[in-house]
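Same chain, two partners: subunit A is paired with subunit B first, then with subunit C.
Coming up: the complex of A and B.
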């Protein structure tokens, strides 16, 4: 212990041993070894930060590796087997049959298209609505906290709950939306045509929102937007708060109108907020399963079918395990194509 | 090219009983091409005044005129003014070129190639041509400062407004930019209102300075006039570093007497004739004397105006020593002496307060009763003009 090297080395070995339960048998021979030469590769390895940090990231890393990436890999393997019905998959005979079948399946094409529409429309509309709300709320209004909470609240509700809410809202007979249209439409009839006769303005506008194939998907997008625009608003609000007031003032002095000031100076500075909110929304849109499942069960019909519902239907309702696994791989690839660029950009900017 | 007038401009925040008056009845005229510095301590209303001229704050009362026409109700965009912000407020997502062109795009109908020409020539003038394609985040503080100036200059406005533009720079860069900014303003000959809390900047840069305190205008004068002929005690204390010494005293038979708490001879200062004429016997006044006018270790001072004193602290700055002395007769004063003059703490020295350098202020209102006599100082002299 009198040697300058001794205490530090002993300490680090003890640390490794207590934390990770490794290097037990080497501990006894450790001190002479270190004294023999700090250059000894074994000793250097033991002192390196990489080895010493293993106890901290090792176990969680291993769990993720097995249960996430391992499961993804196993799922891919299953998608190659042609496994269906009861029984066990046969790993001896692998083929891309399930994927070939995807391209020929019209219901997959419909589900894929719906998923893409949902992904894009839902994300873009929620972002726009959230941005508009954030800009309005950022203007030093009264009751700002209350209003912010009101907008954010839907986000805290379970999707099962909101789906049931919206099923009531969209009810064609006594749902709130059609009732409101009838009320306003009746008033329009009465005012515009000066008569109590029903000219059908209301009837033309009331619809069976979630049964009619023309509106189904858009009714779902609208309901999801209601739930998620509050989240976008909060993300944007944080971004807006980070922009100094001098930026607004400089733009005003430079002669920009309010609209052009926001378009050219403020909104471009919200790129980071847009990116992170968009990624969250898109990933959610890909797995918007519970909302549809509560509304329609396993079969929403071709006009509202999305990949996550189709995957569940194929795998757990029809027990075509391999085909379901193939759809899952498509979903996985889509999610990866959303997350990948984001992670890459973050990495390049040094945020990771 | 414009004459800027503030006519009884008042700004109140809030209304009714809790209204806070930020700017109170300020009247200043800035002739075409003048560099006016608004100076005062924090919270004196100088920034609010500037923001009212810019159109970022509404005017509660009074009128702001640019070349004779009232601009109170015009939005900032229509006022033909450019502003440099303390934080520069460069748009981080645009390159320097886009930053400078933004104002031209938004406020003029110039064709694109002329906009580019103006950006290029302004950049050349400020020596930032090689920065044009970088973003503000890649620039140093001094470079950002130049870009912020360029963004104002490129619009060729009727007036520049600058809100403490140098306060984010380090000391060396600040004094360089100070000189450059003066030269630039003199070359462009554009009416400029410059806000600062730094009295050195005010003294060195302004054609005239307007000193504000508590929202009220204290004095508008050339820097030397404000220095040598301060309108009141606040101006006298604010302008000059270290600031003027003040000794409260009463006038008794042509001399000043300071009351003192402890026993012993009271401080007694016989007034020269000119000063004695300015005050009535028996009134309370404040004696003001600038540190550099005090002579330490006096040999050739009128014995009436020499006092025995103990040196308490010596602060050497190299070129001069700031000496804190306590007069045997009571008051403590600060004096500056030549940096090579040997003064040691604890020494007993003779301190001279020359009669022609004293200022007298009314003890209650603070307004100047008598200013120092001057032989040959041109108070109106300008420092930059070709």
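Coming up: the complex of A and C.
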């Protein structure tokens, strides 16, 4: 908007000045008041628009600047100090020692791997389930609002609350998961019994889900999927509703089967929904600290340790502040690598 | 006449209802367990209601409420001002960055939006440093703080980290406002503040509802900041109190479940009453 107006302003004062914009700018630099007087009212309004907007975004912007960007910068500084124990950090002697230590620490490698697995598996599974639910709901069903409300309900709960529910669900003896498996497995066993071989399906499938290192991480992913797949459903449903009905019709007339229609015509158009939901899910996965902390405290064990828990353990339990800050920087970098490209694409599409 | 279409329709509803059961199962199992005695929840399947009077009790609710009462109160004191102020800041910022046109605002906006995705771990250590350096208790007269400095620190922290998401929610709404109307008011000589107060704010009621509900849920549910910032037990919020409750009564599932429901009650009520607004907040978080 700014550029094209320049020459027009010049034209309106053409009687006194012919070199328009250039003279305007130098004048603005030297004598703001005089320039404001000479420029057209429109230009003055535009200039003051910025000034007038500062009281609105300034104070909240200052909060964000200090608490988000200032704090991350400070965190980086702390990660260079080697600070640990009860004292205060010394900013005189900085080194990358904490980051070197990351590479040699096997528990960091394990936590990093688990974080990556959690991130990918949780995101993909939640998206698939959410998409399936959205497609089912988008078929003019009755009680749509009630069903949607139920599917989204877990997301309104605190991680502390859902972790307590799921510990009970996963209880090896009395939990609902194993009771259900025993029920189904018992039926299978009863059928198989007639072949005179006892496969023991029921006993083989019940597990100590959240204490057995083999299953821990996947049990957590399943519970998180329970909590957040409703969110994906909401995002996908909005995406589906934005697709013109004519396209469904066209696909039907062409004789495409329902599944093929969704794969070929509908799903590709949900790319934007998929992307925004995936970004939010990944950030939730990076924040899954609360859930694990309630279940396991600071020591989930190597098979379920994730970076956000490790950071808390190292910093606030062992007081190795600088090392904790370095792990936090890795988390920050991971978040940045997810949202950086996302924000860039949003910006290019003009959605920002 | 039941054709294949009807059968398919029936199958659709069966799947949808099975998923309803899937999402409600942990809640249902928790709710019935909370009403059982210890022998009750050890002897019965988790989802069946307590069988008979000897298995039924409300003691778990009574004990859990006694343990969480102070935490509930603290959470309200902390979450309500934080919710309102972060929403207000979000509204102001979104107005300044959306409805007032100036060059470079996209750059500032990106800084706000990126804040939505910040992993809180990456600010925890500086945050504790910051608050111990500010030391509210040492500088502000005790009468003002009233022994609640932990809650005040937590509240301010939540306001600061809530600003980005609130700004994003308000911005997507303000972008749909009629630009010509606002422009006309400005050309008539109204200041930016007047336009905000007379036109934009009255139009913002629906988006305020969405943001307040979403933000209240977020702040109420947080554990991490409270864990790190609040040291004084009398300032403990409900999520931390609930975590301690489950840690000290490891095998008393009835007590744990009752506690979980009590702690979740405000957000559950808000969700049941304003589910539509919550869903909009969720969908807008992108």
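Keep in mind that, in the parts below, the second predicted complex is superposed on the first by the 299 of 352 C-alpha atoms of A that agree within 3 Å, B and C clash if a C-alpha of one lies under 4 Å from a C-alpha of the other, contacts with A are read in each partner's own complex, and residues count from 1 in each chain.
Throughout what follows, a residue touches a chain if its C-beta (ideal position, glycine included) is under 8 Å from a C-beta of that chain, and two chains touch if they have at least 3 such contacts.
No experiment lies behind these values; they were computed from the predicted model shown.
J.: Return fit or clash for subunit B versus subunit C, each positioned on subunit A through the superposition.
T.: Aligned on subunit A, subunit C fits beside subunit B.
J.: Between subunit B and subunit C, which makes contact with more of the residues in subunit A?
T.: In the superposed model, C touches more residues of subunit A.
J.: Is A:225 in contact with subunit B, with subunit C, with both, or with neither (first, second, both, neither)?
T.: Touch status of A:225: no partner.
J.: So, does A:66 touch the first partner subunit B, the second partner subunit C, both, or neither?
T.: Touch partner of A:66: subunit C, not subunit B.
J.: In the overlaid three-chain picture, which partner chain does A:171 touch, first (subunit B) or second (subunit C), both, or neither?
T.: second
J.: Examine A:158 and indicate which partner it touches, taking first as subunit B and second as subunit C; both and neither are also allowed.
T.: second
J.: Between subunit B (first) and subunit C (second), which, if any, makes contact with A:137: first, second, both or neither?
T.: Only subunit C; A:137 stays clear of subunit B.
J.: For A:210 in the superposed arrangement: first (subunit B), second (subunit C), both or neither?
T.: neither
J.: Could you say whether A:244 touches subunit B, subunit C, both of them, or neither, answering first, second, both or neither?
T.: Only subunit B; A:244 stays clear of subunit C.
J.: With both complexes overlaid on chain A, does A:54 touch subunit B (first), subunit C (second), both or neither?
T.: second
J.: Looking at the overlay, does A:316 come into contact with subunit B only (first), subunit C only (second), both, or neither?
T.: second
J.: Once the two structures sit on chain A together, report how near the CA atoms of subunit B get to those of subunit C, whole Å.
T.: 11
J.: Would you tell me the residues on subunit A in contact with subunit B in one complex that are also in contact with subunit C in the other?
T.: none
J.: Under the stated contact criterion, what part of subunit B meets subunit A in this complex?
T.: 54-56, 75-77, 81-83, 85-89, 91-93, 102-103, 106-108, 151, 155
J.: Quick one: in the complex, what on subunit A touches subunit B?
T.: Within the complex, subunit A touches subunit B at residues 244, 246-247, 249-257, 260, 264-265, 268-269, 271.
J.: In their shared complex, at which residues does subunit C touch subunit A?
T.: 12-13, 15-16, 19-20, 22-27, 29-30, 33, 41-42, 45-47, 89-90, 92-93, 95-97, 100-103, 105-106, 108-127, 129-130, 157, 159-161, 163-164, 167, 186, 191-193, 196, 217, 220-224, 227-228, 239, 242-243, 246-247, 253, 256-257, 259-261, 263-264, 267-268, 270-272, 275, 278-279, 282-283, 285-286
J.: So in the complex, the part of subunit A that touches subunit C is made up of which residues?
T.: 1-2, 45-46, 49-50, 52-61, 63-72, 74-75, 78, 89, 133, 136-137, 139, 141, 147-162, 164-169, 171, 174-176, 179, 226, 230-231, 234-235, 238, 276-277, 279-280, 283, 286-287, 289-290, 293-294, 297, 307-308, 311-312, 315-316, 321, 324-325, 327-329, 331-332, 334-335, 338-339, 343, 347, 352
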